[in-house]
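Please read the structure below before turning to the comments.
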């Protein structure tokens, strides 16, 4: 391929893009919408994953120590917890700490805790906050450590936790399915659009063939055009996602105090760009290739 | 240049447009192809540029059997033949200049060649005034001249013109034919299908007569009406 | 039928295709319009069917100023004019039959009328063999005859034919022109633009001479070359 | 409009549909994909809404009665609960019932409950299961009834519940936004497709105009075509949704024992049909109308 031809093909493809005005806009729009939805799904998916992890980390077993346990028994308990293969971490929370936390949590209403200032009157028990390597093992581990000596009681949010795991699981499968469907839709739409462009230029192609153009001479501008359409189609969703996600983050920050934090803007955009830009370009080129085949037999 | 041996063309609908046609055209000849509407003139032209292939028989152009040409070879064949199509085949939305440039570029010319050559050929066909007019702003005769300009633009070894004067007044027709004759004099082979009695009679060149797909006559210095 | 008073047409690119053209064509006349390529013949035809409107002057067809026609009135005008286009304007993918049926239906004919009329007109133009051929399988001359068949199909009050014999051999050309004359004899107004010297000279009808957008002559029983 | 013309227009539109082969298929495909995604979203949305309600109903306060409460105090408690404006229902669960439930819940492992056969040894307390009119009031009500006499303890899944409300809220807003975006995309795509069909028939339209066809004669086949495309575009998603949703229901039924039941197939399909069929037809017609305008000036 001659260098002057490369320049010419690129020029032609851009000229065509502008000459076809709304038609190109439509293609770019289709690509943009598809990639946008795809990006939104990716963000949702990433965040569901992220939140699942956050929530999983929050799922802990609270182990209350029997007030009558001896210090030997307590040491034995620590040993047991340390050696248990499923347990990642066991943090000791003294009953004083517990009371402090409760005070903080209750805030202005801590009049309720009046009369407990004296350590002797502390109604709470010493405890361990235990987190697991595999959060799904929570209930079996809880049932096991309940039988250890010195254990006064064990607590965890049984049913809700299990349902939440199931729920996010189903959601992730659904989102994954939709993502695949959308990726296919995007390829389909681009090839459809370029196929139509090829059809609209059928006359041009025919004439080129009859004046002696080679197949590749005819193909190049279409390849460039698909590439351009795909690339331009990524700009809108990237900008949209940037500002959209930023405002979602701000909104959550302002309105949902208790909501765990989402993936930060930079990380999220990085992922989206890595996914969307090559996808847009690849789809454009694949789209062109699919559509050109049948029109270019000499 | 062109060697046809028993060339037959049967269309898919059973219509036999050419029946065992044989003839030989040498380098540098000027040949008229005449015959009633539907006689098979355009069909023959389409086979010369491999838009169609013969159903049987062999057609050699530039010494090579066109049925055997593949891919790039077809491009090379077409670059060496300047074709004037009966239906013009110009791009409506482009200017006259761009139409010719488009064809020249497709057949491998450089931008510099185009800039030099295009005004030249438009001058030759008398269309210089319309260089930058879009094709859909041209009159029928102007379209025809634009088509001729494109055909001669990359100095082909052979020019094949299908009804190049159908939309032209007698004066312009004669100018165009004289242009083709001048090109022929410089060595280019020219093959013209026409219904224009006046120009055939005036030029006194070789005439091949087609009738319902058969060659019924082939005369040096012939006239439109076949001498018996 | 047609009354032109100082009709001027200036295209957007500044090109003045018609300059203060005035003439009158009565019901039942047969008129040839001749002039060099680019003289403005097709431009005039396009204004008669309101494909274009005059830049200045008035053009009345069937007694009504075409510039003033709106929406449905334009449809009615066009239904009463049979047009043979210089570029045929046939649908490539449809058969000859369907092309005519398509036009008849669009102008309001019933299926029964179509079944009766279409074979009739194809007979008249000598294209009966090609009834069910698709248009892109026709030769240049066959295309032209299909266009003429369509134009006469719904018995218009006026026929306007732009270069109806450009792709035809002299014999077929003469047949077509005689067909138009016969239709004219039955009362239809006929206006033909042509470069075909032979048919103009043969028919000895009224001839209007156009030159660079101006009427330079208008002769009863005229010849192709204007008598001075 | 003549009757023979109606038939002709419908015939033409179907002929065009088949003549344009893959092109029509493409349009139908686009409509189908869009409506399919839309349907999936509607289903997700409906089910999230449904599940939210189910979960909200599940959010109850467990109130344990102090073992030392007198029967007077108990009666007083019943009275208090009955009169509380926020409380919808308060079901008494005796400690025997509680033990029975626990036995059921633990299933084969109920060896753990050995030794509790004797009612005297029952380690549980009598309780009330309380549900609210407004589930979001849970925490405030819980704090209030904790102060009633005879109350030994109050339990509910504080944080998780609040987070779940927030989470489903955000999800619903997101899904709603996506649905609107998709509806717009669908209109856009159909009008785009028909506009291209119109462009490809530009020659036909031009010729019709020059042989004297009226504007409406030209318009009708395109309107019918849009209508057909839209209508055909609804078939695939409806069939897909029917079988897809059915198998999701079956899968959940088989694999997720604890998952609350989703909306039944018939109800869901009813909603989807009511949404998708008129939408498909309307989009088709609107699409045609948008696209025809500019090409039909005489």
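As written, the chain order gives the labels A, B, C and D, with residue 1 at the start of each chain.
Quick note on the criterion: a contact is a pair of C-beta atoms (placed from the backbone, for glycine too) under 8 Å apart; a residue touches a chain by one contact, two chains touch by 3 or more.
None of the values given here were measured: they were computed from a predicted structure.
If you check the contacts of chain A and chain D, which chains show up for both?
Chains touching both chain A and chain D: none.
Touching both chain C and chain D, which chains are there?
none
What is the chain whose Cα centroid lies farthest from the Cα centroid of chain A?
When every chain centre is compared against chain A, the largest gap points to C.
How far is the middle of chain B from the middle of chain C, if each middle is the mean of its Cα atoms, in Å?
The mean C-alpha positions of chain B and chain C differ by 28 Å.
On a C-alpha centroid basis, what's the spacing between chain A and chain C, in Å?
That pair's centroid distance is 68 Å.
Taking the mean of the C-alpha atoms as each chain's centre, how many Å separate chain A from chain B?
Whole-Å distance between the two chain centres: 64.
Select the category (line, ring, star, complete, other) that matches the graph of chains linked by touching.
Chain contacts: single closed ring, each chain with exactly two partners.
Every touching chain pair, please?
After working through each pair, the chains in contact turn out to be A-B, A-D, B-C, C-D.
Chain B touches which residues of chain C in the complex?
Chain C reaches chain B through residues 11, 13, 15, 34-38, 41-42, 86-87, 133, 137, 139-142, 144-145, 162-163, 166-173, 195, 197-198, 224.
For a test of understanding, state which residues of chain D touch chain C in their complex under the given definition.
Residues 4, 8, 19, 203-204, 206-215, 217, 298.
For the complex, which residues does chain C have touching chain D?
Chain C reaches chain D through residues 49-51, 71-72, 74-80, 83, 85, 89-91, 93, 102-103, 105-108, 110-111, 150.
Would you mind writing out the residues of chain D in touch with chain A in their complex?
Checking each residue of chain D against chain A gives 23, 26, 29-30, 33, 36-37, 40, 44, 51, 55, 157, 159-164, 166-167, 170, 174, 178, 181-182, 185, 188-189, 192, 195-196, 199-200, 252, 256, 258-260.
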